[in-house]
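Order of writing sets the labels: A, B and C. Residues in every chain begin at 1.
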Amino acid sequence: MKTVLEIKNLTKRFEGLVAVKDVNITVKERQIHALIGPNGAGKTTTLSMINGTLEPTSGKILFGGQDITGMPAYKIAQKGLGRTFQNIKVFGSLTALENLMVGAMHNNNKGGVLRMLLCVKETNAMERTMREQALEVINEIGIYRLKDEYARNLPYGSQKVLELGRALMGKPKMILLDEPAAGLNTSERAEFVEILEKMYEKGIDLFLIEHNMDVVMNISHMITVLNFGQKIAEGTPSQIQSNPEVIRAYLGNRYKTIRKTEESRGNANAGR
Amino acid sequence: MKNYESLVKKIFPVFAMLLAISLFPVFLKNNYYLTIGCQAMLYCIVALGLNFIVGMSGMMTLGTGAVYGLGAYTSALLSTKLGVNPWLALIPVLVMGWLIGKGLGFPSLRVQFVYFSLVTIAFNEIVRNLLTNLEFTGSGTGVRNIPPYSIFGFEFNTQLRSYYLIFAFLVVFIIIALRIAKSKWRRAFIAVKDNPEALEVSGINVSSVKITAFTLSSIFGCVAGALYAHFNRYITPSTFTTDLSISFVVMLIIGGLGNFWGCILGAYVVAFLPQLLRSAGTSYKLIYAVLMMLAVILFPNGIMSDIRRSVGKLINNGKGFSKGGGIGENRTGN
Amino acid sequence: MQAVILQLAVSGIAMGFVYALVAIEYTLIWNACGLLNFSHEKIITMGGYVFVGTCLFQLGLPNIPAIVLAVILLAIFGIAIAALIFIPLRNSTRLIAVVATVMLGQVINEGVILIWGSVALMPKNFLSGVSQILGATVSKSYVYIIIVSIIIIAVLQFILKKTKIGKAMTCVSQNKTAASLMGINVKVSMAITVAISFGICCIIGVLTAPIFTVKQQMSTMIALKGFCAGVIGGFGNLPAAIAGGLILGVVENFAGLILPSVFKDVVAFALMVVFMLFFPDGLVGVKNRIQKHIAKSQMEKLS
C-alpha cells in the first residue's frame, strides 16, 4: 500500500506550552484513519498543521510524497486536501448551493476578473459546470430540498453536511474531518457515517478526529491515539481497544464492559 | 424557453431603471437639476464599486473620497499640465485605480475591522493634506480650466451633453457590476465576510480575493473621479474629504449592503435629498443629517430590503415582477 | 537654538497631552460600549462653542464657572446621547455602529452651525500671554494644557481605581455579562462613562480654544491624531494612550524641523499606518514582546 500522508516529528509550541510533541503518523492509501485522544491532546492542532492553517514549530508533513510543510492553506487545499471544522464554518449569507459552488471555485479559477468580463462564453460554461457539480453533490449529501436556503438558516446537522459537501466540491484526494459526529443525534449520525462511507467508496481517503467511539471503531481501519501532544499508540481498532495504555489514558477501564452490554442490547450508538 | 423568460425578468427592471435615468433630463431641463443628476450617476458608479468592499466583503473603508480625488487629480493634471487627451488620460486613471487597490488591499490583510477604518481615514487625510499642500497639485486652489471630453470635435461641455456621457459610463459600469454580481466573485467576496478561514481551506487565496475587491472598487472610484473632473471643469482638494468618504458608505447602508439596487437608490437619495430639503429653510442640513442617522439606526438592513419585502408580497399576490421596474422610476423621480 | 528646541518640546508635550486626552476620551467609550466614537471631533467643537459662545459670551460668566458649567452641560448631553445611541447600538453590527456614530457627528456639527453660526469665536483674556521658561518664550496656553491634563489624568485614575463607580466601569469594560451578574447596572455604568468622556471632550475644546480659536474645523486634526495616539500606544489601554499621545506630539513637532512644513500633518498618519501594519499592538505590544524576550533568555540561561 502506498503512503498518502506522512507526518514526521511534528511539533507545535505555543509560547512555552507544547501542544504537539514529536508526532509521527503514516496514513496509507485507501484507508480511513482516525485520530483520537482526550480533550487537549493536540488533535485539532495536528489537523490544522496538516492543512496549513497553523504553522508547525518543527517537523515535516508530506502529502502524496510532496513536502507541504508551511505551505499556505489554500495551496494545500488545491493539492487535494479538504477539511471540515469542529465548530461549523459555513458562509451564512450564501445559499446552500452557493456554499458548495465556493468549494469548486479553485478548480474553475482561470484568470482574474478581466478575463471573466471579456470571455463571456467561457465564464458562463464554467458557471454551469460548477452549478451542475454542486447539484450533484447536494443530492449526494441529501439536502437537495434545502438548496436555496441561506446557510445560516439551515439546521445544525445540515450545516455540518454542507461543510462536508463543500470539501467534496474541490474534488479532494483526502478529507480531514474534525469531529464530524459531534452534536449530531443518533439518526443524523448514522446518516453522516453513511455519507462518509459512500465518499470512501468513491475513492477519497479520510482522516478524522472523533470522540464517538462507535463511529471510530466501526468505520476506521487505523487509529492513532494522542495524549498530551504525544502519540501513545497506533493500530487497528481491535489493537487499540486492548491496548492497556490507551485504556488507562482515554477509554477508561469500563469502556469494554459498557460496550459489551450495549451491543447485547443492540444499541450501537451509546457508550461515549 | 423558461431560461429566456427568467432572463427577461432579470434584465427588465435594470432596463426600466436605465430608461428612467436616461429620460430624466427630458423632464427636468433645469441645469441645476442636471448637475445633481450627473452627480448622482457618478455616486452610483462609486457606490457600485464600493459595494464590493463594504457591501460584500464586509470591510469598512473610509478612504473612498481620496480614491475619487486621486482619480480626478490624475486625469485633471495630465490633461491641463501635459495636454494629454482626456480619453487617453483614462488609461493612467485605470492604472491609478489598480495601484490604489493593491495599496489599500495590503493593510486589509493585516489589521482588524475598526483599525482598518482608521487606516483608511489616515489614507484619506494624507491624500487630502498632500493635495492641499503640494504646489504641483495646485495647492488649495486646485486645478482649473480642465478640458471636457470630446469626440471628433464634439465637446461634452454642457450639462446635458455631460449627462449622457456619464450615463454611457454608468451603463458600462452597471453591466460590469451585474456580471460580477452573477459570478463566482460575488460568492468569494461574501465568503470573505462570512468566514475567511473556511474560504482559505476551500482552496482560495483570501488575500488575493480581498485585493481583487479593492482593485475593482478603486478602479470604479478613480474613473468616476476622472469623469467628475472633466464634468465640473475645476477641482479643489476640499471636495475629497473624509466626509465625502462617509457619504459614500452611507449610500450603501441606506440602500442596503451588498445589493445592486441598494447602491443605486442610496446614491440618488444622497445626491437629491439635501436639495429637496432645501425648501425646509436654513436647517435643511440638520434635517438631512438627522434623517440619515435615523435611517442608519432604524433600517440597518437598508431601506431597499424593506421595499423588497413589500414588493415580494405584491409579487406573491400575482402581480409579476414588472413592479421592480416601477420602483426604479419612482426613485429617479426623487 | 536651545530656546527653539525647548519651545518645540513644550508645545510638543502640550499637544501630546491634548492627543492623550482625546485618546483617553474615546478609549473610555470603546472599553465601555465596544464602539469607536467617530463623532468625538464634533463633540470637542461643541464643547468649545458651549464654553465660549454660551457660557462666556451669552451668560457673561467668569472663566472658571464657565468651564464648570460647560463641562456639566456636555456631560448631561453625553447621558442623553448614551441613552439614545450608544446603549442601543452596543449589540448591532460593527459596520452600523461605525456609521451611526459618524452620522451622529454630522448631526452635532449641523446643530452647532445652527445654534452658534459658522463664525469663529475667540475667548478674550483666556489663557493668553506668554511666559519665560529658561530663556524660551512659551505661550501660556501650552503650560495650562500640560497642567490641566495631568490633573485630569490623575483624577481619572483616582475615579477608576478608588471609587465604586470607577470600579464598576472597569468591570463593565472587561466583561459585561459577568458585571451584570455581579449586580452592576451595565447601562447606567455605560451612561456615566459616556458622560465622563463627553466632559473630557469639553475640556479639550476649552483648552484648545485659545490655540485654534473656536470654529467648525478646530478639532478635525486633533481628533484624528488622537486615534493615531491610541494606535501608537496600544488600543484600549489608558496609560499606553497617554504615552502614545506624548510621543506623537513631540515627534510631530520635531519632524517639522527636518521636513518641510507641508508634511507636518502627514507624519502622524504615516506613523499610525506604520505602527498598525508592523506593531499592531502598539507600544504595549512592543513592551510585552521585549519582556517576553528577556524572560525567555533568562530561562535559557537558567536551564
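One rule holds in what follows: contacts are C-beta pairs under 8 Å (C-beta built on N, C-alpha and C of every residue); 3 or more make two chains touch, one makes a residue touch a chain.
Fair warning: this is a prediction, and the values are worked out from it, not measured in the lab.
In summary, no chain was found to touch both chain B and chain C.
Note: the chain lying farthest from chain A is C, by mean C-alpha position. In this view the innermost chain, defined by its CA centroid being closest to the centroid of all protein CA atoms, is B. A separation of 33 Å divides the Cα centre of chain B from that of chain C. Averaging C-alpha coordinates per chain places the centre of chain A 42 Å away from that of chain B.
Averaged C-alpha coordinates put the centre of chain A at 50 Å from the centre of chain C.
Residues of chain A in contact with at least two other chains: none.
The part of chain A that touches chain B in the complex is made up of residues 51, 53, 72-74, 77-78, 82-83, 85, 89-94, 98, 101-103, 105-109, 112-113, 116-117, 123, 126-127, 130, 163, 166-167, 169-170.
Looking at the complex, you find that chain B touches chain A at residues 176, 179-180, 182-185, 187-188, 190-191, 193-195, 197-206, 212, 215-216, 258. Contacts from chain B toward chain C in the complex involve residues 54, 58, 60, 106-107, 110-111, 113-115, 117-119, 121-123, 125-126, 129-130, 133-134, 243, 246, 249-250, 253, 257, 282-283, 285-286, 288-290, 292-293, 296-297, 300. Residues 36, 85, 88-89, 92-96, 98-100, 102-104, 106-107, 109-111, 113-114, 224, 227-228, 231, 235, 262-263, 265-266, 269-270, 272-273, 276-277, 280 of chain C are the ones that touch chain B when the two sit in their complex.
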